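Shared between the two complexes below is chain A, which pairs with chain B and chain C, respectively.
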Partner chain A sequence: MIEVSDLYRDWKEFSLKDINIEIKENEYFVILGPTGAGKTLLLEIIAGFYFPDRGEVRIAGKEVTNLPPEKRRIGFIYQDYSLFPHFTVEENIEFGLKLRKSASPDTTRKRLKEIMDWLGIAHLAHRYPATLSGGEQQKVAIARAIAIEPSILLLDEPLSALDLRTKDYLREELKKIKRELGITMVHVTHDQTEAMVLADRIAVMMRGRIMQVGTPYEIFNKPQDEEIADFVGVENILSGVVRNNENGVAEIEVDLGCNIFAISDYRAGAVKLFVRPEDIILSESRGESSAKNVMKGRIEALDDMGSLTRVKMDNSLVALITKQSRESLGLQKGEEVYATFKATSVHVVR
Partner chain B sequence: MLKKLKRSKIKIITVLSSLFLAAFILVLIICVVTHTTLPALITSILSEEIQFAIKLSLTTAVVSTVMCIGISIPAAYALARYDFFGKSVVNTILDAPLALPPLVAGVGLLILFGTTSFGRGLADAGLTFVFTPLGIIIAQFFVNVPFMFRILRGTFQSINPRYEHVAETLGCTEAQAFWRVTLPMSKNGLLAGSIITWSKGIGEFGAALMVAGATRMKTETLPISLYLNMSCGELNLAIAAATILIIISLISLFVFERYGGFTRVF
Partner chain C sequence: MKLLSRLPGTEELKREKIYVIFLFLGLVLVAFVFITLGDMLYRQTEDFPTLIDAVTNSVVLKAIGISISMAIASTLIAFFFGVPLAYFLARKDFPGKSIIEGIVDIPLMIPHVVAGIALYGIFMRYGVIGAPLKRLGIVTTDAYLGIVVAMLFMSLPYLIDTAREGFKEVDPRLENVARSLGASHWRTFREITFPLAFPSILSGAILSWGRAISEFSAVLILAYHPISAPILIYEKFTSFGLAASRPISVLLISICLVIFVLLRVLQGKRNY
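Right after this comes the complex of A and B.
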């Protein structure tokens, strides 16, 4: 649906380098990256607000690199909603409909009502944007964008300025839009949870480059390098050397002075190992676990993070455990525990 | 109580300064307005000469303000939105008339329109600026256009280009996005700029005097009338002109503060 190839653009403090992505029809595609990675600029180039220095953008097979935005039929939603302050909610939503010469006033009214009912904002019709809450404003912005029946919806950090509850709610609304309207959605965010919950596929972007593209599972469990691993919350990054490999199970000697088993084809040489903190199970005794890797350690810190607790151990491992298991184990600082994780939970890269 | 006063010596001194300044301004205005009697003032205002001056002032100021709007909207938009070669130089030059004494501006305009082939060409085409009401308009325009320009530049800068971007995705061309979104969002700035340009136009004296001269019943705007009547001792007429100028200034100031308090002129 959207193909970006060999795209370059320098713009003030941002630059995009060698961008190649292919977004499929009816896909929910998330571009995930830290602030300043150039995510918004990429989205704005897809929309046609800026033109690339080099490279090509194709939409539905047609080259649109130099086509102005009004000819692309793309809906765009900004973090700050950008509702027109001098129009009411209704006038904002009608804005694009009225610009279409083909639409009669009757069909415009009908469509307007349909969308407002669907998003549950009909009661706001005559209010001005300044009087709405953040969540309401974002719903109006969504309504305005989908009113013109775009084939693509671009969302620039659409949930970032909202409180947690509204965020959860709007996340569901976005899913609903994709499901019921069949629009291709490209969503830019720095929020991992958002990416994980919404995305069919994720592209990780850093310093103006696309670093990795994959399903949420691949991105979060099989990051390609240490930098991506660090960004997507893999807190256990270990260095080691492969000593042995039997039937695809590698035995790796890590700096901590023990051996870790991992599913990998590497037979020798230096490697990096990634283990997500939520894949580590803590127990008081070695126990009878089917998991391949057991490491003993002393608890250095217990950080309460609401429903989860982050446990830091003196062997540098970090585990995320639920409040319930923290209580049932009665974990205390200074206590010795066993950290257990499966060989399949270890991702190995060169 | 005494202790408290001692501690806030700064407060006493600063508040007294502000009161003194306010009193000075107020006394000055009252002096002008109460210099003649009310019936004499009304008779003067209704005199043919003052009526002429009022009309000439109002029309020249309206025309020059419209000219200022016409050129400032595109110019201010360019400087607020785009980067181009020589932008900072252009910015500085556009502010220059603010610092230029109006008399100097007037001399420049007189030379440009009176002695150059450009000026003679315009005169041949029927546009004579020297010693005509057209000269008043061009003088007001030149001296006051920086006010309009600066207010609009600030206004456009304060409007995020994202509004235009969104409008374009909804089907607007760049021009439509400007017309339907940016311009309506600038209405306070436009109003404030128009008011200040217009009221400064009404009061424009130095540059207008140079270009258009001070001819009774021909290029006699309110300030020129004040000057002419003062010089030949027609005190009542002079006070009438001054009173009208004061009223216009105060009303303009009120409207400007109300709608344009946020915009930066300097």
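Right after this comes the complex of A and C.
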């Protein structure tokens, strides 16, 4: 559906380098990356607001690299909603509808009403954007974008400026749009939860480059390198050397001075190991467990994060446990615990 | 102080001392303007018959008419060429941009007499522009065109600078969204950018118009005749003194203030 190939662009403090991505029809594609990675610029180039220095953008097989945005029929939603302040809600949504060649006053009215009802904003029709809440503004922005029946909807940090409840609610609305309208959606964010919940596939972008493309599971559990791992919240990154490998189970001697078992084909050499903190189970005794790896440590810090607690141990491991298990274990700072994790939870890279 | 402390909001003022002090400092300037003009207006009311004479004097009315209409012409020209330039400067970065912006602002910096002499140099019969115009039968010096040229030169920075700041305040993302919705760049400018920048553009036009009306030195050198209001006032002052020049002055600023206030009211009407 959208193919970006060998794309380069320098713009102010941002630059895009060697961008190659292929977004499939009807896909919910999330571009995830830290602030300043160039995500918005990439989205704006797909929309046609800016043109690349080099490279190509194709939409539905057609080259559009130098096509102006008004000829692309791509819906675009910015973080700050960018509603036209001098138009009412209704006029905002109508703006694109009226420009269509087939538009007659009747069909425009009908479509307008349809969309406003669908998104539950009919009661706002005659209000000006400045009088709306953030969530309402974002719904109007969505209505305005989908009014023109685009085949692609681009969203630049659409939920970032909203409070948690509104965010959850609009996340569901976005899913609904994808489901009911069958639009290809490309969504830029720095928020991992957003990416995890919404994405069919995720592209991780850093410093103007696409670092990795994959399903949410792949991105969060099998990051390709340390930098991505760190960004997607893999808090346990260990260095080690493979000592042995039996039937795809590698025994790796890590710097902590013990051996860790992992599913890997590596037979020797230095490697990095990634273990997500939520994959680590804590217990008071070594116990009987099917998990392969058990490491003893002393609790250095317990950070309450609402429903979860982040436990930091003196052997440098970090675990995320539920409030419940924290209470039932009665964890205290300075206490000795056993950290257990499966060989399948360890992702090994060179 | 006892009385003051009983007024509502005094506690607040105490907490915000800096505003109180700055207000009093600023009031010096406000008073300066107000007293100067107020005194002139007040004295004129004591001498009402001369004001009536001025209102009914055809030479005076013609001079004021010339000033107002030539200033409108000058502002329209500045608008037609200046608004596109302002938009361009607001949106595009390029090497040498500050040079262009500097050139636009030169009229703010140079003495008006100097501007008049420079304009005279190119618009006189043998001047770079004056000569070819003369061949076409167009004379600038001591003509309506001369007044407009002098006014335009002195007033164009006000319109361009204000309009440019207005355009800068219109988020380019609004334009991006409009275009993604199918509007051409022209249509986007017409329906989004221009209406949103319009209050600033109007402000710039008002400033520019006011500056054009008040232009004296440059007009004096380029086109003493047909006689415009500031020149007539100056002529009356040097020949017959304060009493003769004041009624015309009062009439001119009264008309200008009315127009100024009307435009401001018009501009203030925004429903978003």
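Just a few scattered comments:
The rule is short, and it goes like this: the second predicted complex is superposed on the first by the 350 of 350 C-alpha atoms of A that agree within 3 Å, B and C clash if a C-alpha of one lies under 4 Å from a C-alpha of the other, contacts with A are read in each partner's own complex, and residues count from 1 in each chain.
Everything below uses one rule, namely that a contact is a pair of C-beta atoms (placed from the backbone, for glycine too) under 8 Å apart; a residue touches a chain by one contact, two chains touch by 3 or more.
For clarity, every value in this text was computed on a predicted model and none was experimentally measured.
Steric overlap between chain B and chain C is present once the structures are superposed on chain A.
By the document's definition of touching, both partners, chain B and chain C, reach A:L99.
Touch criterion met: A:P69 reaches chain B and chain C at once. Shared-chain residue A:S82: touches chain B and chain C both.
Shared-chain residue A:A47: touches chain B and chain C both. Within the superposed three-chain model, A:E90 lies out of touch with both chain B and chain C [touch as defined at top].
Of the two partner chains placed around the shared chain by superposition, chain B and chain C are both touched by A:R144. Shared contact residues on chain A (touching chain B in one structure, chain C in the other): 44, 47-49, 68-70, 72, 74-76, 78, 80, 82, 84-86, 95-96, 99-100, 144-145, 148.
On the side of chain A, the complex with chain B involves touching residues 44, 47-49, 68-70, 72, 74-76, 78, 80, 82, 84-86, 95-96, 99-100, 144-145, 148, 150. On the chain C side of its complex with chain A, the touching residues are 171, 173-174, 176-185, 187, 191-192, 195-196, 271-272.
Residues of chain A that touch chain C in their complex: 44, 47-49, 68-70, 72-76, 78, 80, 82, 84-86, 95-96, 99-100, 128-130, 144-145, 148. Against chain A, the residues of chain B that register as touching in their complex are 160, 162-163, 165-174, 176, 180-181, 184-185, 187.
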